[in-house]
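The structures come next, written out as structure tokens.
In the two complexes that follow, chain A is the common piece, with chain B as its partner first and chain C second.
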Partner chain A sequence: MSTVPSAGQAGALYWPVQARRNVGVRGLFAVVLAFLFAYGFLFPGLLTASGFAKFTQSWFPLALVAMAQAILMLTGGISLAIGAMVSLGAVIAATTMTGPLGVAGGAAAVALTGLGIGAATGFIVVRLRLPAIVVTLAGSFIIGGAALLILPRPGGAIPEWLSDLLAGNTPAAFVVLVLIVLLWKLYLATPLGLSLYAAGENPVGAYRSGVPVDGARIAAYAISGLLSTGAGLFVAAQTGSGDPVIGAAFTLNSIAAAVLGGIGFLGGQGTMRGALAGSLLLSLMISVMFFLGFTPVAQYVAQGLIIIGAVAIPQFRKVQQ
Partner chain B sequence: MVTRAPLLAARGVSKSFFGNPVLRDVSIALQPGRVHALLGENGAGKSTLINLLSGALRPDGGTIEVDGYTVSRMTPTYARQAGIAVVQQELSLTASLSIAENIGLGAYPKRFGLIDYPELAARAGAACDLVGLHEPLSTPVGHLPLGRRQMVEIAKALYRTPRVLILDEPTSSLSATETKILTDLLERLRSEGIAILYISHRLNEVMTLCQHVTVLKDGTCTADRTLEGTDAAGLVRLMVGRDPGDLFPRWQPSAPPADVISVRKFSAGLMRDVDLDIRAGELLGIGGLVGQGQEDLLLGLYGAIPAGTASATVNGASGLPGGVPKANALGLAYVPADRKREGLHLIHPIIANMMLPAFARLPALKLRSRRAERETARGLAAQLAIKGDLDRPAQALSGGNQQKVALAKWMPHDPLVLLLNDPTRGVDVETKREIYMMLRNFAAAGKAVVLLSSDTPELVHLCDRVAVVREGRIVAMLDRGALSEEAIVSAAMGAEQRKVAA
Partner chain C sequence: MTAWKDSAYGRRALTILRSRPFLTVAIVAAVWIAASFASRGFGAYGHLRYLVELGAVIGLVAAGQTFVVIAGGIDLSVAAIVTVSAVSLPLLSWQADPTGVTGILAVLVLTTAIGLVNGLGVALLRVHPMIMTLAMATFLQGLLIIIAGGSAVTAENPVVRWLGNARPAGIPAGVLLWVLVSVIVLTTMHATSFGARIFAMGANSLAAALSGVPVTSTTLAVYGISGFTSGLAGVLVLGMNGQGYVGIGDPYLLASIAAVVLGGTSILGGLGTYAGTIPGAILLVTITALITVVNASPGWRSVMFGSLILGLLLLSGREQARR
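Entry: the complex of A and B
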């Protein structure tokens, strides 16, 4: 260990760094795999094309909001407006895509809304130095209200071909998810992206090192907004219409998934692959318990206990060290 | 002798915080190819001077010069561009990023907008080789022990190929081997023409490594000279020696001693295997450089942090209290240094702050007697000369009066042992005098007072005995006869290894 020559290191740095990031999430990956086997056993349909498509579609929006939450938690922030953003994305998609804007225009409107609201939230939190939890709580009322203004009751429509493409029997959702993950890897390979960790864990040190701490955090809020409204677009495609309150459950589920995935509340702790695994685990847990015939109440209780356990185990391990 | 313009200089800079002058008319010039030592006691203004030189703070008066030209507005960004790198005492690292990613942070090599990892590996690897860091570059910094993190911090400064390198106590967490590597490295950088400012409390290091020294005392410069022909004792003399005036009450011998606290092989936090006897009727001082474990000693005795011991007697009971309520019951009281966060509840009324320990002692569901509380509080306010309406929030008081409230709240319980953590830090002179008077009176009344202080004159003029702590051990126990600022500072800095017998 102490004799590795630096010349040997110079060639490969990126992949060892990536491999090191797996260390903290190996246990989680094992649990997810176990649940996947259990699920495949209970529901053999998973291995067919349409079964796989349906399964990834049920996971997809949760994966997106878990990423949206995790990127904020990495910077030391949090958002209670994720659910409202999902709803807003859904109603914008449902009201624009069959109108004059068309699918492309509608999708652009959804994306710009997410980026814009996210950036504005980030600006308020970072520049005005207000607590993220309060700003996003207030934001959730405003954004939720805006969704209700646009579409007071469920309605609107998504072109049928889009619904079929995203939520039909094709694994399109999975492909999109893979693309998003690749884009995230690309972002994390930029100086601004990697600065997220430094800005979240040690903002003073990062600032002294010349990191644009404020910029990195505001960018994180913008990306988070984009992922949330994107999840809304997908949910609208799934249901074929817009519902102004459909996103409500996503706020707390996004936090639960991120926490399950090992993202810490203090900033700079955890990995996106962990958050994704956390969202997959949450989504699997819900399905498996459903197949095992748990009543909804028992499902909630079990979900809560598992989340507490997931947070407590690493903590105990740290204390033992 | 070098006659070129200094790479970085401060000319007559002054800085005050909240009207409290920290630096007064200080000048320093960093020449290329020279290791410049900056010495001074705790609170002498060293960190402030570094912050001015690196642009983290702006001076109230005086100028900062780079290459002989006055910089009108020094900022951290400008300092970086001018090739000034600072290795701060608090690390600027991110635990979850790898060594290489930390070293390059804020100055990554880029290709197509992405971090150029091969280039980063090459350059960070070169910096690591300089400081003798051979761990794989992909190791997360969080997995490294503190000393290695310090080396990463130094590598991070070198990665930016500085012209001026400022190191604030770089060796405090380094092993002997790492210190050797660092001194060799600094010697080499010096020969390459880099200007180095070196802050350290280890005088031997300074004597071997540095060529020039600036000594600060109470925010003024007491020496700016070459180190040739100077010895450690001479440097210590330049750092200490303030005229105490009539600040301190006259010292009088106290009653015949009887131990109230006696511990053997006591360990808590940074403190290791300490033997200590605290006597009734005496004022025992705890001295040393900041952060050598003094606070852990007090907190461990008070039961606020886990502590272990071979044998202990506290007020006749055997064993350590092990918890704050138990410690209170045994007659111990602790007044923390950070009164704003630990000592007081700032937004609550003064009276509530004064009554807080009493609340802890009353049966949980007993009704409060507002009248009795008010009477007690008035009595305390009169006794300690706390000015102001008792219903105002504690934050409305001046620092000195806040400290008096933090002390006053323990008075109704008649503690036998007072553990005080730097009670006069940031307190005005008049209040200091009152607090000193109070402490002497406690001791005269047969109580034991343990005074942890970062102010050396206070220890010399007030205490019966002073225990000097260095690196988690009591390295000297100075009796009244042996007490002097020189003796305390020498022991604290390890200028003389010989222990003074208790």
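Entry: the complex of A and C
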């Protein structure tokens, strides 16, 4: 006789399950904490309100694109168009928000563009069965070209109060990030969210068990698009204007952050908290190297080495066991 | 039923007609015919020869990429390797050797070594190919700024200049090089045990390992080949341009992957042929040439390039349904 766990039992199970999902990323959390302490020790300004605000603001866009990449990788997909999406979000925000649409209209335009392009990409990959790498690589040309068409050279403007609110001395970015994480938790509780891991881990098995595999994957692409253009809006608010190529670096960094966070390429492996920790680690590394006066050359070299090391070492341990 | 379909020759002909490389050749032919009606100079022999000459660079980069993709990996560092090759050639050229052959050999050894390091990371450290090669590209980007410092370098090497400009018997030397490489690649891929091992590894790496395929050394070889052909492409592009600069290889990343996929090779590995990549490379150059003819702004050009590749993929690059 099998018994269905009652609500009370299910609640009691929740925390042990969550704790078990931490197992894979415990080492990463320790490294991030160590880096945070080192950073706070080197630059005591981190502990003041404005220092904390600035720090979270430099992390925020990377955290968003890491989530955007992670949600795709969890379903077994990938996007090489994240950087172009960030650029597109930035130029749309910079050209609409001071116009007749206003801030609300501009934000809506950014969100709708992200959702729409993401859903279209998802449709092409999932329904027309084209490889995600190639579709998003070609897509990055289309989206980047669209960004150039909207704003051929850096320009446009973001209302000053919005820049002050998002990128001023308030921890607004951190609050938004916490909200997004809470929304992610809610999404995981919906049928589509539950299907996410199943669709990535074993698509055929999931399909045969009645999981809406295609729907879950297309929804993941749409959400990923929304997060990417949202990151673009924030970057535009940070700089006060739009730049059609500002997002270029985010493609590699989003993949690096997700992989540092333990997200697997084959789908269904990893957790969002890992991806967030990965993005935090990457962001810390970049700012520590910047403050220590590394030249851009040394930063490239060090970043390449650290990423390979961080990915290779856990694999080594697995092999030895 | 008609008799010809049942004869051996008929079946053979049907297989060729239905194959993906043939489809790609047909698309190239259709585009060329349509374009030469639409635009006057397009169909001229000189212009088509020029297109194939440009296609040679993509074809060389895509040769290594085809090996890697069939083996179940991907090489995102090819653009950086092309740049390394083009930029470091003048630095590695000996004064004592007037022919410049040693310089080219040194560059090819260097780029093959870079490829082997990629292979080491993938095979021994078990880093995912995408991460390993992307990190390698980042690493090389830093290295390039040290080597070149942002300024353009000029090729004084006579062999390189010959390769980029000479036309023995009316055929560009670069195209001859491409033909030579194509013959070697196709033979290696389809007529040696090494080639068979690559397909086995790409189809199912675990099964291949259990059947006695030396997975580690084969992976090393595949990435080494990719480094070698990218280095060769860098030498050719330096000869054609006359100058090398940081970023000269950038267009060849998307181009090499697109040529491989347009040619019918599965990005998931284990299935494909370089015979499809060759027309794939020519197709890509043709698209770029057509877009240049239209004379649009950079934004539109980028949008058109991406859309055309996507459209062509819908024609020829679809993966099989999994259920």
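Simple rule for what comes next: the second predicted complex is superposed on the first by the 310 of 321 C-alpha atoms of A that agree within 3 Å, B and C clash if a C-alpha of one lies under 4 Å from a C-alpha of the other, contacts with A are read in each partner's own complex, and residues count from 1 in each chain.
Throughout what follows, a residue touches a chain if its C-beta (ideal position, glycine included) is under 8 Å from a C-beta of that chain, and two chains touch if they have at least 3 such contacts.
Just so it is clear, the structure is predicted and the values come from calculations on it, not from any experiment.
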item: Touching partner for A:Gly145 - first (chain B), second (chain C), both, neither; value: second
item: Chain B versus chain C as contact partner of A:Ile307, first or second or both or neither; value: second
item: Which superposed partner A:Asn202 touches (first chain B, second chain C, both, neither); value: first
item: Touched partner set for A:Val211, first chain B, second chain C, both or neither; value: first
item: First, second, both or neither for A:Pro191, with chain B first and chain C second; value: first
item: Comparison of chain B and chain C by chain A residues contacted; value: C
item: Which of chain B and chain C A:Val17 touches, first, second, both or neither; value: first
item: First (chain B), second (chain C), both or neither touched by A:Gly268; value: first
item: Touching partner for A:Phe291 - first (chain B), second (chain C), both, neither; value: neither
item: Chain B and chain C footprints on chain A, overlapping residues; value: 204, 207-208
item: Touch list for chain B against partner chain A, complex; value: 56, 76-77, 80, 86, 88, 90-98, 100-101, 105-108, 110, 113-115, 117-118, 120-122, 125-126, 128-129, 134-140, 156
item: Chain A to chain B touching residues, read off their complex; value: 1-4, 6-7, 9-14, 16-17, 19-20, 186, 189-191, 194-195, 197-198, 201-202, 204-211, 268-270
item: Chain C - residues contacting chain A, complex; value: 74, 121, 125-128, 130-132, 134-136, 138-139, 141-143, 145-146, 254, 257-258, 261, 266-268, 297-307, 309-310, 313-314, 317-323
item: Complex contact set, residues of chain A against chain C; value: 78, 124, 128-131, 133-135, 137-149, 152, 203-204, 207-208, 244, 252, 255-256, 259, 265, 296-301, 303-305, 307-308, 311-312, 315-316, 319
